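Common to both upcoming complexes is chain A, partnered first by chain B, then by chain C.
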Partner chain A sequence: MKMILRWGFKTLTMQKAATLASMVGISFSFLLALFFAAVWQGETEQIVAYPKKMNPDLWIMQEGVANMHMASSFVWDWKGEAIAKMPEVERVTGFLYLNTVIQVKDNKLFGFVVGLTGEANRAGPWALSDGRSLKAPDEIIVPDTLRSIFGLTKGDTVQIVDKDYRVVGFSQGTYSTANPVFFVLKEKLQDSLASEGTLSYFLLDAKPDVDIKALQQKIMAEIDNINVVSQAQFIANDYEMATQMGAETILIMTLICSTLAALIIGYACYSLAIKKRKELAIIKAMGGKAHQLVTVVLLQSISVTLLAYVLAIVFLLLLSVAMPWVAPQITVALSLSLLVKPAPFAFIIAIIGSIYPAIKLVRLDPAIAYKNG
Partner chain B sequence: MSTILETRNISKSFGSGAAKVNAVDHISLDIKMGEILLIMGPSGSGKTTFLSMLGGLLSADEGEVVIDGVDITQLRQSQLPDIRAKTIGFIFQSFNLLEALTVEENIMFPASLLDEKKEAVKQRCDELITKLGLQHRRNALPQTLSGGEKQRVAIARALINQPKVILADEPTGNLDSQSGQEVMMLLHDVARDQGVAVLIVTHDPRVEDIADRILWLEDGKIIDRKAESHQWIKDPVCGMRVDEWRALHFIEYHGARYAFCSRRCRERFVAGPEKYTE
Partner chain C sequence: MLKLVIKQLLHDKANTFITVLALSASIAVIVVLQGFEQGQYEQLKLASINRGSDLIAVQAKVNNFMATRSVIPQLAREQIEAVPGVKAAHPLTTLPVIYQYKGMQTPIYLIVFDTAGGPSNFLEGEVHNRGRGIVIDQSLAKKYDLKIGDEFIIANFAFSISGITSEAAFMTPFAFINYDGLIDFFLDSDIASDLSTFPLVSFLLIEADPKASLEKIQRTIEAKVPSIDLFTLTELAKNDVKLGQGFYKPILGLLVSVGFLLGSLLISLLMFSAAHRQQRDFAVMLALGFKPRHLFIFTLFLSSLLLLSSFVIGLFLAGFIGSLIESARPVYYFAVFHPQVLIKAGAIAGLFALLGAAAPYGLIRNSDPITALHRAS
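Entry: the complex of A and B
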């Protein structure tokens, strides 16, 4: 068996151009699927970047609301003040929140607007690449990435709900295609929403050694019409919402790419089997059994596919390095699970791709060995 | 000498109705151990079909093929590979070496298809390499070998599993006369020294020198004849060398006798003799 396997692998390496072409074709199919998944993961992580970065012990919001993404919440500000007076509470920071269409120059994009209650705020941007913090109600801090996408500069005007805001700063880590985060002071936003006396969310930081779960239950019991959610649960809720919205697209893309990969594998194995038809017939004539030949084709297919998979990962790493220059608006997130999870799937694709060539081999007439040429 | 290969009334036809061709038509023959049997005949006479049936590569429509006491026509398809690997050595006109493997790997290949200890196979391979003068080419790839060397490797490969029968299809067909002579002598030694039955299908009359028996195959039927002196003349139609005294197809034309390799050549001649006699 060893010798026939050696023949199989040597045959692959002897046909370098054909093997390499197949491998690159398969790897591009995998690359497409992996890249799409990585972009989606990057986007999803960016969608929860804001709540992750805020990292309070508890989130307080309107009853029936449990996350930020595609949600709206209004809570009377006095409720926040009441919670802040509880002995277990270190600090409560409220902010107004709106997800809406924002006009940047001639472009409209969907984004999160966070209305802060003061200049240097717990709920504000955590890193500025340029500019300063907010001082006046008509000022806005926009994601840094918008500079490279739209050529936005300090002093430019951005419109939110028909009101103008002047750009005074650029924040880092707050951009995603689905929901870039903009920061303003709450007053003007409150006017737009006609929501005086309310805020959307409160970030609660508890005193050290306080039982967070007990505090959560206490607030829920004492304050009406609100929801109190732990940081972990809040992130999970937002993440789930984001994932649900793209799960079908990812699945369809993965299926298309996998089918493409299986077809390329099938074609590669089939053309290899056709090219080596005479030699395969000779092996059969000399006593080679069908299962031995099928094993060779299967292993050829698996090795080409797995090498193509590794190649796809290399391409993806290179692409992720190049993305900030090529397309800064796209966030690519790579993780070990994202890279490794589809490997068994690639293995299955390799097996599927080799089925037809294997059937042809089983049926191959060994008498072909007697044909000349 | 005991019979190692026997066919009883084997037939094979292709097509049906008016287009039906009897490639092999009720052939019965015995081949004894150590015997060299030559099968000659014109192109399309059924030689390769007959050889394929003897090697279990093609099933017979009727009749029996008994190799070493086993009627292979009664075996399942899945049982044939083992019979082929253990009992039969194949030699082909176009050598049919596996391009990706070295000389040594090619020789050992048929043994690797069986469950045999590598050490024993390696020892036999070394012996064959020495015997066939391939020591200096052990690690060479087939494309770097001359025609004669390729056929010696093919012979070593056919012998590695110590078969009882060798089926050779035009073994000298692609070789120059010296290499062809060497290959003939090797096959002769294999039969004489190891008692292997060698069945050779060929057009090459030089091979007749080593044959114990020569059979003429035409239109799927076989005619027995002895290896003895011949009166060689040229078939005026195809140019092939034919034995004037034993030719099955001949004609008298304008006082001269013309012999043909096949009925087809004779028919062509009859259709326009002036084309071939000027």
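Entry: the complex of A and C
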């Protein structure tokens, strides 16, 4: 058995070019599936970037609404003022929110607009890479990624609904394909929405040592037609909304790419077996058992697949480093679970890929194989 | 030459089969991605086209139907209907809402219609333009296991499902209610206190007299009603597709590029391996007087035939995968057999064929007839 295993290993190393080519082919199949999952993960994380950064103790919004992504909420502004007067409350910051089409130069984006109630607002951008905070109703702060995508500069105009806004600042960490976040003062946005007297969400910061759950229940009991959600629940709701469609798509993509990988593995193993038919015939004639040969094919397949998997991870890391230059609009997020989760799947694929070559080996007739070369 | 190629392919049927299968899967990956992208654009296009009117009025400076908020003053309807040549202006309101049920939530595009613009791809049930009926997209019915007659609760207000349609765009299912339902929804639901913030008319579908000039109507309306802009449904559909392209193209383009790279590697690997196995045959052919360019043509024929069959199988494989996903999640639409997808996929398969012929060229050209014949003996 030891000798057969050594033969199996040598077969792989002797045909370095073929083995490497197979490995690269398989690794690209894995890369496609991993990259797809990483992009989805990145987009999902960016969708919750704004609420995560705001990090209030409680979120207050219209009843029936429990998140921000793809949602629409309107609450009378006096409700926020009433809540702010409660003794347990440190601060309440309201803002108007709209998800809509945004015109940037000749391009259209689907984006989220946050209408702030004042300058240097608690609900405003957390980091500016350039420019300043908002001072006038016709000003806007845009995600800094738009500079590299559309060459947007300070003073350029961005259109939201029916109003034009002048770019005065660029915010960091606010871009994703699904929801780039734009900041304006609420006045003009309110005009566009015909929503005077209302805001969309309130961020509530409680005083130290206040029982948040009790405060949440108190607000719900005292103020009609609103929903009060804890920060953790709000993030979870947004995250769920963003991931539920993605999970299925990722699974499908993984299945397609894995099928492809299995076929390449099958082809690679089959090619190796066919090329070394004569040697295999000798091994069989010398008493090599079929199960020993099958083990060799299986081990070859598993080692090539696992190495290809590692190679795919290396490619993915390189790609994620290159993304800001290649496609700045795409957010890629890598996590250990994202990289490790498909590994058992790769192992199964390796086994599936080796089935056909193994069958061929079992059926191999040494005399005929040797005669035909 | 073609005969020789066919003989070559039939000689090792198992090898040919597995090669075609691998190439088909690689093409299917690309076609599925492109079909998904094209499907999204088709859905976006139909979102406005299916509303069916000669012209559509939107809030001034707004130029999309999907993913936007348009608010038209109610007075605009009267002003538009007073324009000569206008038969009627049918109101339409759109509201993004989130449906929550059985611990799941789904964003829905709620379309409120009166006398036109309702569901157009009706599957079962009835459409009512009075009462609390709601027509929902089949993806919602499937996801939440809903059927006609069931309650459909939004913001604690219960609609009754009267029909199932097949309409979605931007990965968001549509649901249709009438203005009766909307008013009840506004008054009876939890959002009653904030009624004034909701748009009552988002769009006006303008039906013109068939004999009237649309251009003249458009000019007159735009002069008389400055609070709105007018578009044909095709223009609005184009704007929505442009919006979709900005959203989908970067990600899907990159994925298709990775898929293309994968396919290129695969065909190169397969053809190189095949040539390596046949090096002795090539050497013999060279010894018999075949020129390297003849052998290039041979490999080009070989890879073209492989790619041709893989292309056909790949398309059907992609179609199968697409319909599998569609049946599981009808909110997605895969336009796998759309002419644009077919042209792009065909061009990619052609490129693969060229690459497949070029990859082993160096190996073939350097095949030494003497060594090969020596080995053969």
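In the analysis below, the second predicted complex is superposed on the first by the 368 of 373 C-alpha atoms of A that agree within 3 Å, B and C clash if a C-alpha of one lies under 4 Å from a C-alpha of the other, contacts with A are read in each partner's own complex, and residues count from 1 in each chain.
Quick note on the criterion: contacts are C-beta pairs under 8 Å (C-beta built on N, C-alpha and C of every residue); 3 or more make two chains touch, one makes a residue touch a chain.
Here the structure is a predicted model, which means the values were calculated and not measured.
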item: Combined model on chain A where chain B meets chain C, clash or fit; value: fit
item: Touching partner for A:P366 - first (chain B), second (chain C), both, neither; value: first
item: Partner chain in contact with A:L263 - chain B first, chain C second, else both or neither; value: second
item: First (chain B), second (chain C), both or neither touched by A:A194; value: second
item: Partner chain(s) touched by A:Q159 [first = chain B, second = chain C, both, neither]; value: second
item: Chain B versus chain C as contact partner of A:T243, first or second or both or neither; value: neither
item: Partner chain(s) touched by A:N99 [first = chain B, second = chain C, both, neither]; value: second
item: Which superposed partner A:M3 touches (first chain B, second chain C, both, neither); value: first
item: More chain A residues in contact [chain B versus chain C]; value: C
item: Touching partner for A:K289 - first (chain B), second (chain C), both, neither; value: first
item: Per-pair minimum CA distance [chain C against chain B, superposed on A] in Å; value: 12
item: Common interface positions of chain A, toward chain B and toward chain C; value: none
item: Residue ranges of chain C touching chain A (in the complex, touch as defined); value: 14-15, 18-19, 21-22, 25-26, 28-29, 32, 59-62, 64, 66-71, 95-98, 100, 104-107, 154-156, 170-172, 189-194, 196-199, 239, 242-243, 246-247, 250-251, 254-255, 258-259, 261-262, 265-266, 268-270, 272-273, 276-277, 321, 325, 328-329, 331
item: Chain B-touching residues of chain A, taken from the complex the two chains share; value: 1-4, 6-7, 10-11, 13-14, 278-279, 282-290, 292, 365-367, 369-370, 372-373
item: Chain A-touching residues of chain B, taken from the complex the two chains share; value: 48, 51-52, 55, 57-58, 78, 81-86, 90, 92-94, 96, 98-101, 105, 108-110, 112-114, 157, 161, 169
item: Chain C contact footprint on chain A (complex, rising order); value: 18, 21-22, 24-25, 28-29, 31-32, 35-36, 39, 62-67, 69-72, 74-76, 98-101, 107-110, 159, 161-163, 177-178, 192-195, 197-198, 224-225, 237, 240-241, 244-245, 248, 252, 256-257, 259-260, 263-264, 266-267, 270-271, 274-275, 326-327, 329-330, 356, 360
